[in-house]
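These notes open a run of structures that come right after.
Shared between the two complexes below is chain A, which has chain B as its partner in the first and chain C in the second.
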Partner chain A sequence: MLKFILPLILLMKFNKEWKVSQVGLFFLSFLISVNCYHNFFLFNSGFSLGMDYISYIMILLSVWIVSLILISSQKIKNLNNFSSSFISTNIFLLLFLMLTFSSMDYLMFYISFEASLIPTLILILGWGYQPERIQAGIYMLFYTLAFSLPLLVSLLIYYFLTGSLVISLGVPLEGENYLYKFWYMSTVLAFLVKLPMFMFHLWLPKAHVEAPIAGSMILAGVLLKLGGYGLIRVLIMFQEMNKSFCWFWVSLGIVGGVYISLMCMRQVDMKSLIAYSSVVHMSLVLCGIMIFSLWGLAGSVILMVGHGLCSSGLFCLANMVYERTGSRSLMVNKGLLAFMPSMGLWWFLLSVSNMASPPSLNLMGEIMLILTVLSWSKISILGISLLSFFSAAYTLYMYSLSQHGIFYNSLYSCCSGKVSEYLSLFLHWLPLNAMIMNSTLLMI
Partner chain B sequence: MTFPISYFLFFCTLLTGTSLSICSSSWFGAWIGLELNLLSFIPLIAIKLCPYATEAAIKYFLIQAMASTILIMSSSMHMFSNDFSYILITLSLLLKLGAAPLHFWFPQVIEGLTWPQAFILLTIQKLAPMFLISYLTYSSNLIFMITLAAILSSLIGALGGLNIMKLRKLMAFSSINHMSWMLIAMTINDMMWLTYFLFYSFISGSVIILLHSTQTYSISNLMNQNKNSSILNLLLPLNLLSLGGLPPFMGFSPKWIMIQLLSSKMMIFSLLVILFSSLITLYFYLRIFIPMILLSFPSFSSLLKIKSLWAFSPFLAIFTFINMFGLCLPIPFSI
Partner chain C sequence: MAALTRLGALSLRLNQRLLQPSVVRSAGISTSKKNKDTVTVTDVITDHGKTKTESSEAATKNWVSWGFDRFSQVEDNSTMHMTFFVAITLCIVTTGFIWSYLPDFRMRDWAQREAFLELRRREALGLPAIDPDLVPLDKIELPADEELGSREIII
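Presenting the complex of A and B:
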């Protein structure tokens, strides 16, 4: 693992040079992606770090998203808005994310999981747009911190009782009394808040709306996946307990997903629409993880990767519109097809990927998850069909409302997209639709 | 910085008093040490003859003299009523410490001090009463009292600092909150509270050096002068987050040790109270530095000459470095 982490640390030296760090990050993601030959359970291990199949794809995703962030936030470089501290914040964030995904120890996982909050907070507070970003940042920090401090306590109790915090050596706990239930809840809720599950999702739309493009991309692309990844790791300890709580999480996921997708249909802010749509996708991921089947696990990992690329690309698009018109409102941004015609293609491609159209990873993940949920209970077909119908409906709503219609007259002289913007969208879209050809990379 | 030679003399007797009261085998000796400590701190406070410092010195003297009186009275009393005298001794020591139900003098006194004196009050002056309390943890009554004081001071330290704009008062309330961790550690293990104390004095020292080198005493001061050095914008927030105990910084490690200790003794209730009140203290640390971050614009800072902060104090660099990366310290030993 150190051969990926040390270059990253060295890259912080070049935070004054935007282009050098951008090329460096892309080179690092190339180096990680050629490691895909792995065919053993654990590899690159050492220094209590190591990767297995899930960690590998998550690390690749996070490096990729951070290098795309640097392409998409060129505006910070152009305005010289603390560009060197921007780069070092992002690289710190990436470092903590890599440590989180590759740590083989629950406590190190916890520490780097919490540490990734601080650069995110600095991103939101430092480069956000409006004064409300203070509220959003503090809300996010305290919401996630209040639920993850019990996680620390429960991990240390686990260490005290079983004597080890190494992830793959975890002993399943067998106990059914109230203390165990409390313990289980305090462990799982930290990740359910981060995921976010319906009813604990309130921090997410706030943070997304106030965050700069970099913050939105990293939140939707990687930080939400920390929740799913942590659940996969932590549920090893609570196998017995989780079986008795499975019905609750799955039904909350499906009903909440339907409810949130209805909420999406009445959003007027593009960013908050995309943020709510990620809550819908994550509720499916939650179902897949909690059911404890092989297809459920593989499907949720695939959907996490697909959603990370897709919604981060959609946030990019929303930001491009925002940079030109100064508004994210769907009431103002109408008829964009007329003044950014070639961007319409990317709106279309990323929107249909968000709807889980054929050659995308989202399709594969959703098929696997739908099959899992159906094999778990036949009644859930009602909720699942409503969920996938409405998730197509709100994406169509976003696409048609922003692209069609009569456009606002003062937008005549706006320029269409720049090459770097098309590049960043293409690099979101390509892995999303090409990785389905080698899906063994994502299956577990 | 120039200071009179008497400063040095009084500082030596201050340390002598502390070590005398720690090492003494009788309560009388402990009382002598505490008195020596008190009487040499008073001139240290009043070294500048301004009304605020004098007021602080008088308040400090009255409170500490009362606590010492109770201490010497109850220690002479314990031949005929053993339990009662120890309860009184504990209360008087808690008063000397400024722990929760008896904390009211503490923010008021610290308001009149300069930063180095405040640092002495926050760390060295805590040492002797803490040690004396840690000698008292043998009966369940006293342990209950100490636990109660710990829980109360965690709540009061968290809630008291919420609405305050003065940095010294904020540091006082944060010290009351941190004292709760030390008091609860004291009921379990003698070594742990000392470890926590060392970590706490290190971190608060690094914050105080930073604030002293820029002579800031309130949040609005911080907002006005943040433009003269952009590195202060970065360092002070990170140091404060370390004081709040967020994971990648050194402040997390004493919390980690304490949580492990308390959860191994299954003291879940008091642990949760202290943990969540320290989350509230994190909120007022955030309140200190959020205006600093928000009000710094790149267009302003390029106009002004950036003065190197390392020129202020030689300790600053090493303190803040260890503060940032202290949690990585065990890594070379874990291979």
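Presenting the complex of A and C:
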């Protein structure tokens, strides 16, 4: 594992040269991607870090998204808006994410999980555009911190009782009284806020809208998946207790998902719409994880990867429009096919992947999760069908309102699209649509 | 007779092409203003030999950036080449090739072969595909009814 982390730390030395960092991060993702072939479930282990199948794909996703961040944030490079600090912040964030996903110890996982919040906060506060970003940063920080302190306490109690915090040696806890329920809740809530689940999702639209493109991409692409990944790791301990509570989380996930997808149809801000659609996708992921069947876990991992690529790509597109017109509102940015016809291709491809059309990873994940939730309870077909229907509805709404129709009169003309922008969108779209062919790499 | 004329015309054309000067005078037909002064004809001499500097100057004048560097064409071009090489050639093409030709990733093909072999063995012996007593009944310990009480059984 150190063979990836040490080059990453060395890359921090090159924060003054954008070209070197950009190419170096892509090369790092190439190195990680050729390390995929192992026949034992735990590989690349050393120094209490190791990879197994989920963490491998999550690490690959993080490095890929951070490389794409550097391509998409050309404005920071051109205006020289503290570009060296920007690169170091991104590399720090990537370092903590890699440590989180590869940690074999719950405490190491917790420390890196919390540590990844600081560079994200710095990204939002430092390179965001509006004064509301202060409130957005505070919401994100305090929502996550308030629920993760009980997680720390519960991990320490676990260590006290069982003597070890190594994830692979997790002892399933058995107990029925209220104290065990409290213990379960305090552990699981931290990840539910990160995921985010419906009742605790308020930080997400704020943080996504106020963040710069780098912040939005890393939040949607990887940080939300920390919640799902943490849940998968932590539920090893709490399997028995989870069975008593999973009805609550699945119901909240489905009902909340339907409600949020209705909220999506009301949004005027493009980034806000994509942020709420992230909540909808993640609520389906939550249902799959909580049911804890094989297809539930595999489907949730696939949907997490697919959503990471797709939402990140949509945020890139919204940012490209924002850089040209200065507004994120769908009322201003309409009829864009007249201005940027070539970009319309990418709007289309990423929008249809968002609504889980074949052949995207989102489709595979959603099918597996729908089957999982249905096998768990037949009545959930009502909620699931509404969820799928409205996810198509709001995505179509966003695509057709932004692309089709007559354009806003005050817009004159803009650059149709630079090659670097097309490259970043292509690199979002290709893994999303090609990996369905060989998705054994993504399954648990 | 006609053949001779054609041959003659062909040889004249060949002669013309072989002896075409590298410097061509193009005499334009537009004239200067009609006044009593002597008219000076200005010829435009296009030099076919040296066009590279002109075209490269024209290229830098109307340069469209690839998007990697707004100010320097050399930097932009070199960043474009490097980024495309690492991102597309290495990460997409090479990785895609390696992933698609990985031998028996996670032993899935092996497991299917073993399953078919086991099924064939069982069918030959007349056994069912999966033994109903996969777990021997004496190994299963269920809690007594009093212990369970009114607790819900979730399967």
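The criterion applied here is as follows: the second predicted complex is superposed on the first by the 443 of 444 C-alpha atoms of A that agree within 3 Å, B and C clash if a C-alpha of one lies under 4 Å from a C-alpha of the other, contacts with A are read in each partner's own complex, and residues count from 1 in each chain.
Convention: a contact is a pair of C-beta atoms (placed from the backbone, for glycine too) under 8 Å apart; a residue touches a chain by one contact, two chains touch by 3 or more.
For clarity, every value in this text was computed on a predicted model and none was experimentally measured.
Judged by the touch definition given at the top, the superposed model places A:F27 against chain C, while chain B stays out of reach. Within the superposed three-chain model, A:E421 lies in touch with chain C and out of touch with chain B [touch as defined at top]. When both complexes are overlaid on chain A, the residue A:L396 reaches neither chain B nor chain C. By the touch criterion defined above, A:I138 lies against chain B but remains apart from chain C after alignment on the C-alpha atoms of chain A. In the superposed model, A:I118 lies in contact with chain B only, and not with chain C. In the superposition on chain A, contact of A:G126 is made with chain B only, not with chain C.
Once the two complexes are laid over each other on the shared chain, residue contacts for A:V153 go to chain B alone; chain C is not touched.
Chain contact summary for the complex, chain A toward chain B: residues 47-48, 79-82, 85, 96, 110-112, 114-115, 117-118, 122, 125-126, 131, 134, 138, 141-142, 145-146, 149-150, 152-153, 156-157, 159-160. Those residues of chain C whose C-beta lies close enough to touch chain A in the complex are 65-71, 75, 78-80, 82-84, 86-87, 90-92, 94-96, 98-100, 102, 105-108, 152, 154. Within the complex formed with chain A, the chain B residues making contact are 234, 241, 246-248, 252, 256, 259-260, 263-264, 268, 271-272, 275-276, 279, 282-283, 286, 290, 293-294, 298, 327, 331, 334-335.
Residue ranges on chain A touching chain C, taken from their complex, read 19, 22-23, 26-27, 29-30, 33-34, 36-37, 39, 53, 64, 67, 71, 74, 77-78, 243-244, 418-421, 423, 427, 430, 434, 437-438, 440-441.
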